[in-house]
């Protein structure tokens, strides 16, 4: 994206994450930032969006005036059906997740470790509302990617050598999209894959709590 | 061969629930929550309840009324992040809370309804949700034993019911209702519409009436069922 | 039944078994003799008949000309729906059985023991077609009754002290309807409850492979 | 957001099944049996198959063709009493047969489709069906471990399909089809009717298309699907 440098960094990272969705995939977008990925998919993009409260084939989000009181996604947004949508109960919804029919899930994170561990549901003593469906999504989607700011509000890194918070799932994160970079989890640790426009590899390393492996040659930007 | 009429006044259906009962409550957010049955449970002041539900609704809605009235001893849920009252009640020790992974809660309830004793799963291994749970080895793999759950009562919200208890649901209001409607000793249904026996095609039935004990037609749909403007 | 003595003994026993069905019950009638119980229920009798291949609320059996090719009972008979019938898959069908929603099942038998053991699915070396749904029906219906001739074709007793054939379920039979008698399984063994018209308690005892407890006073006939 | 077209020629769908595959086959008696998919499997001569099915159909029908053609190595069934050919093949050691209680076979398949590893049940305890099975103690009770079953391929018969694989079934033709349609690496559906995307109401879908890989519309309904006059 040539004008990437001039966009809001968060919008840019969400737009980049949207390009991770290949045609024909079945995808679950986690509550929060990942849900915004939907705004970057064209109306006829061939994707089956799943929401764990019981729907496959999510269509556009609706304003309150047009909302169907019985039709929400797991985050509470009012959504719409598309031709071929189906509704099902919670057992079927997670059967789909656990049995490997979910090609991709995008989740938020408090912490991601260089071995793919994810913590995104509990901060002991401060925040423990329960994990909802996050544990099954993080453990069983065929591909788990994370969408998060590179550091927390205080500037502390969220990409770490080891997670310090209670885990959501162990070793399943494959890729991380942040406002600074795209980072892969590899057997040797974090691998820098792409840079946000205007950001240097050095800046990403400084904001990361583990060693970043750098690619040989040019680093693509987004 | 003919089927029974299970319609009943809501007051009577709820009156049969004893203090201390374990109660499953359908719903995920607003859709599928049996708000009117919950209101009657509040009105009759049943106490010391254990509630099993996906979530704790939001402040001022659904089971929050039961929590705020001090009628709840324990909650078994998957998350309660949208209800600050419930979080406060948990943090202050006024209610006991047990968390369960969402799909595993659904499966444990389904197992109860299916007359199975437990499921074996790898969900939650290596997380603190596995703490204290029985582990079984199968084919060299460690698996968690997740016991079936049954309740004394299930409170179900359906779109449509016939007098024999056959039910259909709408859109994402289905969620936990069908498995819960199989997993309790007494299954109480509030239905937005009651239709004559035979009006629901046998192929279209989502919960067979065999599992249902009582059907309470809703006289009006309160604002709690409406679209939430946040 | 005043004219019981003059009826075919098999029809008489089936008619007697039919009276075991109380209004409002959910009932599964096993393949074979038990299925014939349906002929002794009035068209508007309040009962929900279940068949394990996926239906609750069975209506009358249909002749081939009127049959729906998609609608059979577990024995392969073409049946019909009634107002309020429901169809479901095999998991739901046995959920109903195992979770205690089946008030009564009537099953055939090769052997029944005085402790309630039932053998009705396998004769090693001669007949082993598999048990189908019999194990779950016999183990989980709230009340299990057996409908069988009192002796086999060679005149050997089918009501025994111990079963010799592989068991279907252990200790669940509550009552047995035969062409000679109605016999209950009690903690003290077989208890004679009723006699077929024209049959004496002594004749029943002689045809039974275990001691029969006799009631004090008159023995009702059917 | 739009959904894929999964329609395919039956010849091509069956051609992808390798010799030695484990194949789930829907149906209970005639209703719900995918006779046409089975016929194509016979025609293509796939060998050494393990079939998972409620029953073995009757002589001259359905999977009996596969058994008689020597294409079946093993059968996992609940009973095969209506097929003398299958009983003879079993007694003569031409096929291996594994028997399972009917509802437990359904649950093991469903567990496979639900991504669970096993169920714990008391069904079959104290019978010879328990022989050789892993036993687990839970709350002082002995329970059998019944492992989940998955297959390489599931052959499904539906009444109606849309191109994305959403399915509906009719009457007792549903039986084992919905759980099997969730429990295989490749799910192949023959459908009596193919309707345009959007023609099946999202509430009426019985098997969501997400679980389905290929849809083969039936060009004709052969006499095998008809009423059997015995």
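To keep things simple, chains are lettered A, B, C and D as they appear, and every chain counts its residues starting from 1.
The rule is short, and it goes like this: a residue touches a chain if its C-beta (ideal position, glycine included) is under 8 Å from a C-beta of that chain, and two chains touch if they have at least 3 such contacts.
A quick note: this is a predicted structure, and the numbers were derived from the prediction, not measured.
Visitor: Counting C-beta pairs in contact, does A-B beat A-D or the other way around?
Guide: Between A-D and A-B, contacts are more numerous in A-B.
Visitor: If you average the CA atoms of chain C and of chain D, how far apart do the two points sit, in angstrom?
Guide: Taking the mean C-alpha position of each chain, the two centres sit 30 Å apart.
Visitor: Just how far, in Å, is the C-alpha centre of chain D from the one of chain A?
Guide: 36
Visitor: Counting only Cα atoms for the centres, state how far chain B is from chain D in Å.
Guide: Roughly 32 Å, centre to centre.
Visitor: Counting only residues that touch at least two other chains, what does the list for chain B look like?
Guide: Within chain B, residues 107, 114-116, 121-122, 169-171, 202-203 contact more than one other chain.
Visitor: In chain C, what residues contact two or more other chains?
Guide: 55, 87-88, 91, 94-95, 97-98, 140
Visitor: Spell out all pairs of chains that touch, sorted by label.
Guide: Here the touching chain pairs work out to A-B, A-D, B-C, B-D, C-D.
Visitor: Across the complex, what residues on chain C touch chain B?
Guide: 24, 26, 41, 43-50, 55-60, 81-88, 91-92, 94-101, 140
Visitor: Under the touch definition given earlier, write down the residues of chain B that touch chain C in their complex.
Guide: Result: residues 1-4, 112-116, 162-164, 166, 182-183, 196-198, 202-203, 205, 208-211 of chain B touch chain C.
Visitor: Okay, in this complex, where on chain B does chain A touch?
Guide: 28-32, 54-55, 77-82, 87, 97, 99, 101-104, 106-107, 110, 121-129, 159, 169-179, 225-230
Visitor: For the complex, which residues does chain B have touching chain D?
Guide: 107, 111, 114-122, 134, 136, 138-139, 141, 143, 145, 147, 168-171, 202-204
Visitor: Give the list of chain C residues in touch with chain D in this complex.
Guide: 51-55, 64, 67-74, 76, 78, 87-91, 93-95, 97-98, 122, 129-133, 135-136, 139-140, 166-170
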